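In what follows, subunit A forms one complex with subunit B and a second complex with subunit C.
This part shows the complex of A and B:
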């Protein structure tokens, strides 16, 4: 290794630590008692405690965590069921129509959330969908359905048509070819897309803030409420933040190859 | 027509029917959940809708009143200016940092490849957690930053409540959250840079600095443009950071247009007026999306 490369590596390592520091700080706070949080100079070596997590779990937070899980799961399954066949059809049958609706798809990904929130809020008041799981799942469809269609289409484009055509010649119907030949081959794409759907639903704060009250409140909103009413309980706030981020941190690093693709509504291949 | 060709036509028809069946539900659902609300938003922007005054529902007597009010609304004008500053600085900083880091991390070294994943973490954290992290850093009682500076003998005010610093504090947090995005896009493009281009420059005796300026940068122009546009559109949506860190304050110094619209709608119930502001925001993001599609020639390429 040249000395220049070694210096650059050290620089990269230092920058990585700098970039990580804010995140690590929150993590260590969640294992401190409240008194330790306010201690200066901060103790870097201390006996970690789980009391923040235990205390948090015995409040309404547990219900919010469950709400987040249920809503995010439904907001993954539903768009996958609808969107995957649509992506296949756009790939194999109406490739030209696809470019026509590209602006529509991208715009619904890029639109400011408040543009959807106002009409949904007004409609939900009449439909009784405020503060319900169904209400959240429906509004999450606005971004996840277009995400599925635009994530999956390139995966199908890459699969050689000859495979299905061979199945058709053997007497399989189009549906059978899709179900038995194409879908299994597209499994990695399906997994990555499903994970991204889950992440986007799980990470949402704005829609849940406005469209839920107590019953269907999701974990991110619960943590913020907690911060507004018991702002001095920093250890517990940190524990809440950690519980919100841990499930998604693992998942998202698994799909890092597809992150840019997902964040740009499928417009850019990362 | 022979029996075989009749059968083939039957198969073709069945295939077309299958594809229609695949596509129709999605398009129908998308139309209901995205187009219908957009139309609804446009319609409500033409009314003085105020949830505390039921008589305002469906009052189309002066359809353009909201837009006339917007022109005279000083606080809205201020929010556009705040938005412009926030967008300009965050996009610029994210491009610079993302580009710099991508150059640094563009190596086959094993350690560097592992570090790339570490740098992604800020971007994949839930936005609300990013906001909490920075709330901690900006709260003097518990902040490692304030403690570190006090050890050095420097005392600084609480950045998020200080009029001179509040917007900068938001810019720093937003830049931290999103530099991985520009970094990742730049890195992907760098890895596709043709080796001949690099070799030719080396043969010509270009220094590392000349190489970056005359070869790498021109090659990355398109990617940096698209990454910047995406960040620009996203910066219009900035919400959790502002909601948690400053609530638009002090005064209205960090109140971006999206936030102002949110407050008009959900703190003051002025849904009609807020809809009008949002229509303009929506139009801006659709226009920028269109620019992106043109920039990447998307839909024609695949």
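This part shows the complex of A and C:
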């Protein structure tokens, strides 16, 4: 290895460490007691404790974590089920109206979320959807659907139509061609889109804050609940923050091969 | 949450107190109803929750009382009240929102309930609530929209009075004396002399007023900002110097809790802050300064003493469909008997009834490291009630103006701008946000 290469590797490691530093700091805080968190200068070597994680388990955070998992999973699966066929249809539809319809689909993304707050809140209160899983899934669905359609359409655009046509000549129906030929080829795009949908729902704070109370409260809101008026529970906040990051981290690691390919794949039309 | 076991005697005492309420003369008049309440998380509601079975047993109603983090609660309740929802029957009237919520007619006028002897027995004694704590709960016509359960009274606390004694420094009573004491102790035993949290629009105002300045010309009637005046510029420079010279590294971005822990661990000496964040120095299990902490009134400036005070109350949303039950709950939760029990059992330090504050139980609870802090607390609350100097804080537009103040002090303390330029900028920003909010200003 040349010395230039070594220096570049060291620089890459240093950059990676810098990027990871906030997460690592949060992680080590989650294994400290409140007293240790405020020790000055900070202790890098200490006896770790699991008391913050145990405390999370014994509070409402456990239910909030489950709420986040259920809602985010549903808010990923449903838009994918509806949005992927829609993106395929728009990709293959050769009418002038297709681009206009695509633009309208983006409408839900054209205003900041706060603009929708009051109408959603009033409608949800009327419909009894406040503080329910269904209410949250519905709102994430409206936002994620446009994301799925707009992300998946370029993937389908770049797939040669000749492949589907060959399948049709062999006797496949349109649905079979889509299911057996097109979808497997678009797998990286599906992975990237799914993870972005999951991230949007998982990380959302604003709508979960406004539209939930106690039963459907999600993990990001539950973490804020450790900021009490008379003092913050730093250890629990750190443990809660770590727990909130964990599923996203695991999910990203599992599909990272597809994710990198997927995020760049749709960018260039073939 | 499980309810702690209630002793039979306590249950009988509570039942007797409720029995005095005329509306409860009949047996379980609210059977089958559910009272929905909400507040931000506080030890007061944790303690009160333990007594809910008494209320439920006597009235027949079920209490569904949710507590959330301070910002979460305010955001949700603001939306609920602004849309005239009926989901909540009892809410916490948050100090900084009280002007907005009362002014917009989103809360129920409780004066009518208090005046009606069929609803409120005379010995409930609404006049017993300290005027300073109640001032945020009333409108310009003197009608009451909430009763205070918590009051914050700004005091001065020194975490290591032993170091002060060795430096021959008394507890400072003036701004000049505070500076002298800071100079004398800075760096001793690796300690910084002063610490504050980043909420300058709360911490700085007593210094501004002490130097003759004010936030608005004459709140709530005239909200013309007064942040570019010579007094404001001088006070801003003075306070920013205090922070930049004597606060710990990174102190400008400290939260309340971080500042409290800097004192609790003996890393910082002085702090001027509400009593809620100063009592833990003497009582918190993790405090290392329990035996050395000392309290005093907020130091006075050349133009007087204006310690900050605030309060949070219980009120009834205008949209509630169970107002009678909600009023029963408020009467019960804030009765002399209940507050005395909470003080006696849990040592709760921020009650607002004069008879409780001057009682033995409260005095015992607030005798901290041998000092009678209860009397300091009462003095500050009365000061705020007498001259009404805290009115600046309950006007609906204060949160926006407060943000401009925070930025101004930050710019001075970090040396990005001189005090004069920073405060003139702050004045301009304040005028802009007030104009945008439709507030009529002098010369506008």
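The rule is short, and it goes like this: the second predicted complex is superposed on the first by the 207 of 270 C-alpha atoms of A that agree within 3 Å, B and C clash if a C-alpha of one lies under 4 Å from a C-alpha of the other, contacts with A are read in each partner's own complex, and residues count from 1 in each chain.
Throughout what follows, contacts are C-beta pairs under 8 Å (C-beta built on N, C-alpha and C of every residue); 3 or more make two chains touch, one makes a residue touch a chain.
The structure displayed is predicted, hence computed values, not measured ones.
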(request) Check whether A:54 is in contact with subunit B, with subunit C, with both or with neither, and answer first, second, both or neither. (result) neither
(message) Which partner chains sit in contact with A:127 here, subunit B, subunit C, both or neither? Use first/second/both/neither.
(response) neither
(request) Have a look at where A:191 lands relative to subunit B and subunit C in the superposition and call it first, second, both or neither. (result) neither
(request) Please tell me which partner, subunit B or subunit C, touches more residues of subunit A. (result) B
(message) So in the superposed three-chain picture, is A:163 touching just subunit B, just subunit C, both, or none of them (first/second/both/neither)?
(response) neither
(request) Name the contact category of A:7: first (subunit B only), second (subunit C only), both, or neither. (result) neither
(message) One more residue to check, A:254. First (subunit B), second (subunit C), both or neither?
(response) neither
(message) Quick check for you: in the superposed arrangement, does A:213 touch first (subunit B), second (subunit C), both or neither?
(response) second
(message) Contacts for A:66 in the overlay, against subunit B (first) and subunit C (second): which applies, first, second, both or neither?
(response) neither
(request) Determine, under the contact definition given at the top, whether A:118 touches first (subunit B), second (subunit C), both, or neither. (result) both
(message) By the touch definition above, which subunit A residues appear in both interfaces, subunit B in one complex and subunit C in the other?
(response) 38, 40, 117-118, 121-122, 209-210, 224, 227, 234
(message) Residue numbers of subunit A touching subunit B in their complex, please.
(response) 5, 8-9, 11-13, 15-16, 19-23, 25-26, 29, 37-38, 40-42, 82-83, 85-86, 88-90, 92-95, 98-100, 102-104, 106-108, 110-123, 138-139, 141-142, 145-146, 149, 153-154, 157, 168, 173-175, 178, 199, 202-203, 205-206, 209-210, 220, 223-224, 227, 234, 237-238, 241, 244-245, 248-249, 252-253, 256, 259-260, 263-264, 267-270
(request) Would you mind writing out the residues of subunit B in touch with subunit A in their complex? (result) 11, 14-16, 18-23, 25-27, 29-30, 33-34, 36-38, 40-41, 44, 101, 104-105, 107, 109, 111-112, 115, 117-129, 132-137, 141-142, 144, 147, 151, 176, 181, 184-185, 188, 226, 230, 233-234, 236-237, 239-240, 243-244, 258, 261-262, 265-266, 271, 274-275, 278-279, 281-282, 285-286, 288-290, 292-293, 296, 298-300, 302
(request) Using the touch rule from the top, collect the residues of subunit A that touch subunit C in their complex. (result) 34-35, 38-40, 117-118, 121-122, 125, 130, 209-210, 213-214, 221, 224-232, 234
(request) Write out the stretch or stretches of subunit C touching subunit A in their complex. (result) 40-43, 66, 68-72, 75-76, 79, 83, 85, 87, 255-258, 260-262, 265, 267, 276-277, 280, 286
